[in-house]
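Below, each structure is written out as structure tokens.
Next come two complexes, and both contain chain A; in the first it sits with chain B, in the second with chain C.
And then the complex of A and B:
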């Protein structure tokens, strides 16, 4: 597993079926039906988080919280090392006769460094993993998926009954059906 | 939405207190009374301030002498020494401005009343914070919490009782618990021996009238607003489905309550807790007391929800709601620590003698308790509740919940005891006994309050959203 998720790339998919929805509830219904029918869904694209969708699609729990913990530990350790080196080893300063070793004045610095590394680490990891970094061209199946439309993408190939997929999509409120071959989309 | 996309049935539920729960609550009270009885039988009834040995007295005098060197406030030092002399306790003459506890002789019964004050104050603040929880949900237009709303409502009915407990303790023993009350009764004027400029300067606010009347007025206002919120909530149950007038009214009353609570809760904290160390002050003290009561209230709400769930009630409450309550416990444990450290850190940095008095005795004479506070209220919940699965596990939540409740009891104990008695006190049978006694009464009261109305606010506009609450994978 690379740090950038290759599965999210759409460029190499030879053929996909796309259904476009306007209604959130119908989208959830359709996803549920497709999953029950044994269709492997590539992904569902929505402009905002839709509750329950992750469970229906069987999305695994994100690693982000573990990354956050590790980043926090890194920040804490770096800050601890920094303060210890600067303040105890290299150049101890007597401020109001306060102790230099492990004094309460360390706490805000340790706290801030931990929070800083956690926040930046999480943000960077999130964008890396989701192919949203410099140099990678965004691949949108439909530009409206960032606004008011929702897209279900199903990859076709061996053992996928295209007619069945399209029927389920149509029966559950898809406003548009499309087929994507390479970079070309055609309305069905 | 959710699983298989079927509509979740929302039905009214009626709670009756199971015999086992009654036995538990009554048993806790009886065990508490027995422990407190043994505690009372074994405490030293002759001394003025508990188990102060010769050794600690000497040690203390040494610390005080050290402190006296940097004492800028010579005036306060003089007045203290004089007051001490006035009461004939020569060994405390050198105590300097850092010691807040007063050398006046105290009857042994003070120990009982200080315990009633601690537990009464904690339960009062916690029950009031539960009402604040209800108000916050309305103001924030929160949907998820509709299903558990009756639990904080039931807890909030206890706050006049907790208030009364603390108030009785204060009425009976204010002269011994608060040294400024003792000072006030001497009616000293400038120039007289024993005159204390700091207490005199504060007397426009810190006087017996304000001390007794202000909190009663406040509690009456809070009680009226709380009663209104609860009656709106119960009236909604029998309203037409889709009628949002009760909900909209509740938002207005909640906003009013939150503003009043926000400004006034600190006043009670100043008058009843901070004034124990009357020379000392801290501008963050009100927030600190709120933080303690708020995290304890969230914990108690969580424990009651878990109990009702285990009895087969609150059918629409799922792991998702429990998870959110666990997040609250986790988050506000950190909030408490943040406020606790903010108060400590600024005083530690500034190193001004009259500010340090509070921490000097707590850090030097009560070091174990001072550090235990951080372990119980920060390290335990922080490390354990950090994990997602822990926040969804009833057993883990119950264990951490009990640690947090004891931890915050211990926090209030540490606010009171060093200021009243000076060094040398520990949590003993009397303390645990008082906590159990009133804890048992509290549990019985809240369970009984839960039976008074349906457990589910069936006509709450967000009840369906709450039933479908999902925090994701």
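And then the complex of A and C:
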């Protein structure tokens, strides 16, 4: 499994059927109906998070929490090593002849370093996995998909019954149906 | 099947649809700046100028331009530092803690509160940094290999913990804010008309399309970041309080400081959020998004945290008496009846007494009154830090070193100037970025159970 999610790129998808929705409930119904009919949905684009849609589509739970934990452990270890090296190995300070070793006064720095590494490590993973980078051109299917419209994209090819897909979309409240071949969209 | 709630009050009024939300919230960004924006921005820049002048004077002449002295070695500077850091905390509280508690009313106010956090932390950082005097060697506070004949940094010092805490807090808050902004930047990207605007919004939107796969991860990262920010925000003000509490100064050396400071931070932060939003909702026509219900909820938190802070003041007094330590007892009696009695009683009035008006529904639901109260809260919280710092220091163990302290013109200029930094940033934010989180607001339009 590569880090970047290949499903997100639309460049290699030759032909797609697109359904446009304006109602969240109907979109969820349509998605679930398409999945039940055995249609492989390329993606659903929504201007806001629609809860449960990812589960209906069968998107697996992200590895983010595990990555976060690993980054946190790395941050903690690095900070511990840093303090240990500076404070115990390189230049121990004798305060009232007390032993130089781990003390609760290390905790704040350890904690902050852990949080810092967790947050940034996780964020970088999030950006890589989602193919997000500054300046990249967005692959939009509808100019209002970040405003109030929702798009279901289905990749067609061998073994996909286009008529069935279009019928399910139409029956479940799609306000517009389109076909995308190469870079050109035509209304059906 | 999901139903719309018939009982619960709507969080967004006016029967808005998703496209209305985009139109309303993107309006200030897509249109030319309004007159009120121009006036506000100009005023802020004037105050920013005061900051620049005062800072220039401080750097040119030295820290001697401040009235701090050998007894009161922390004065307006650290008062202002704690004041601004405290204000910042409400942003994280609203976006992180209220997210974990699934308080949906936070959605209209979290964006501006988070922005406030970032700008407030910038203002706060100015004070300890320039109090160093030789600010050009400020990087000595970082754990760098020593090439100067000095030792490594001291990991036992709360001042070093502060360096780590504030920088982590700033960067993690900025990250949290930015990730939250990405879907909204994408919405703006698809609306703006000019070439330059299209370029910059596209640049910062990182190719966001609203794919469900991305949204699933986005929701998860928001939750984890909220989970991280919650202990982080508590740790930051706890560490700020240990700057005082780990010392042996009577009046500072108390174990109540961490929870007391955190409550105070939330109190003052909500005060500042109320100041900003009461004005913003009126000027920017956001009354349907930031409703009276939101203001009321904030007033309840102000009342609760104000009372908590008040209990802490009284507890401190009691413990000083109960400890039997002469110096502690004197420090507290001196606060209330010494030469700085006016500061102490201003603090008591503003923070403990005045928020009690929020027991009355009228007070919680009248915007102009809330605005006045929010200013009172901010004044009170500034006095709290002044009282803690100056009254504890100005009379120490040795009567021959007793002094009086008042801020110099430069110190006052720096403080007023930070309001310039804060509001300049805030006005720019209100012009170029959506002040309300559009993608989150769109999820609560239906008032679902």
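We adopt the following convention: the second predicted complex is superposed on the first by the 177 of 188 C-alpha atoms of A that agree within 3 Å, B and C clash if a C-alpha of one lies under 4 Å from a C-alpha of the other, contacts with A are read in each partner's own complex, and residues count from 1 in each chain.
Please note the rule applied: a residue touches a chain if its C-beta (ideal position, glycine included) is under 8 Å from a C-beta of that chain, and two chains touch if they have at least 3 such contacts.
Since the structure is predicted, the reported quantities are computational estimates derived from the model, not experimental observations.
Overlap between chain B and chain C is detected when the two structures are superposed via chain A. After overlaying the two complexes on the shared chain, residue contacts for A:129 are found with chain C alone; chain B is out of touch. Contacts of A:108 after superposition: both chain B and chain C are touched. Residue contacts after overlaying the shared chain place A:32 against chain B, while chain C stays out of touching range. Contacts of A:87 after superposition: chain C is touched, whereas chain B is not reached. By the touch criterion stated above, A:64 is placed in contact with chain C alone, chain B being left untouched. Partner contacting the larger number of chain A residues, of chain B and chain C: C. After overlaying the two complexes on the shared chain, residue contacts for A:44 are found with chain C alone; chain B is out of touch. Of the two partner chains placed around the shared chain by superposition, chain C is the only one that A:148 touches, whereas chain B remains out of contact. In the superposition on chain A, contact of A:96 is made with chain B only, not with chain C. Touch criterion met: A:140 reaches chain C, while chain B stays clear of it. When both complexes are aligned on chain A, the segment of chain B among 116-124, 224-232, 278-286 or 440-448 whose C-alpha atoms clash with chain C is 278-286. In the superposition on chain A, chain A positions 25, 49, 51, 54, 59, 61-62, 65, 105, 108 are in contact with chain B in one complex as well as with chain C in the other.
The part of chain B that touches chain A in the complex is made up of residues 1-5, 341, 344-345, 348-349, 351, 386, 388, 468, 470, 472-473. Within the complex formed with chain B, the residues of chain A that make contact are 25, 28-29, 32, 49, 51-52, 54-55, 59-62, 65, 69, 96, 98, 104-105, 107-108.
Per the touch definition, chain C reaches chain A in the complex via residues 2, 17-19, 22, 143, 151-156, 158, 160-161, 164-165, 168, 171-172, 175-176, 179, 182-183, 186-187, 189-191, 202-221, 224-225, 228, 231-232, 235, 239, 242, 438-440, 442-443, 446. Per the touch definition, chain A reaches chain C in the complex via residues 5, 7-8, 24-25, 43-51, 53-54, 57, 59, 61-62, 64-65, 68, 82-83, 86-87, 90-91, 93, 95, 103, 105-106, 108-109, 111-113, 115-116, 118-120, 122-123, 126-127, 129-141, 143-148.
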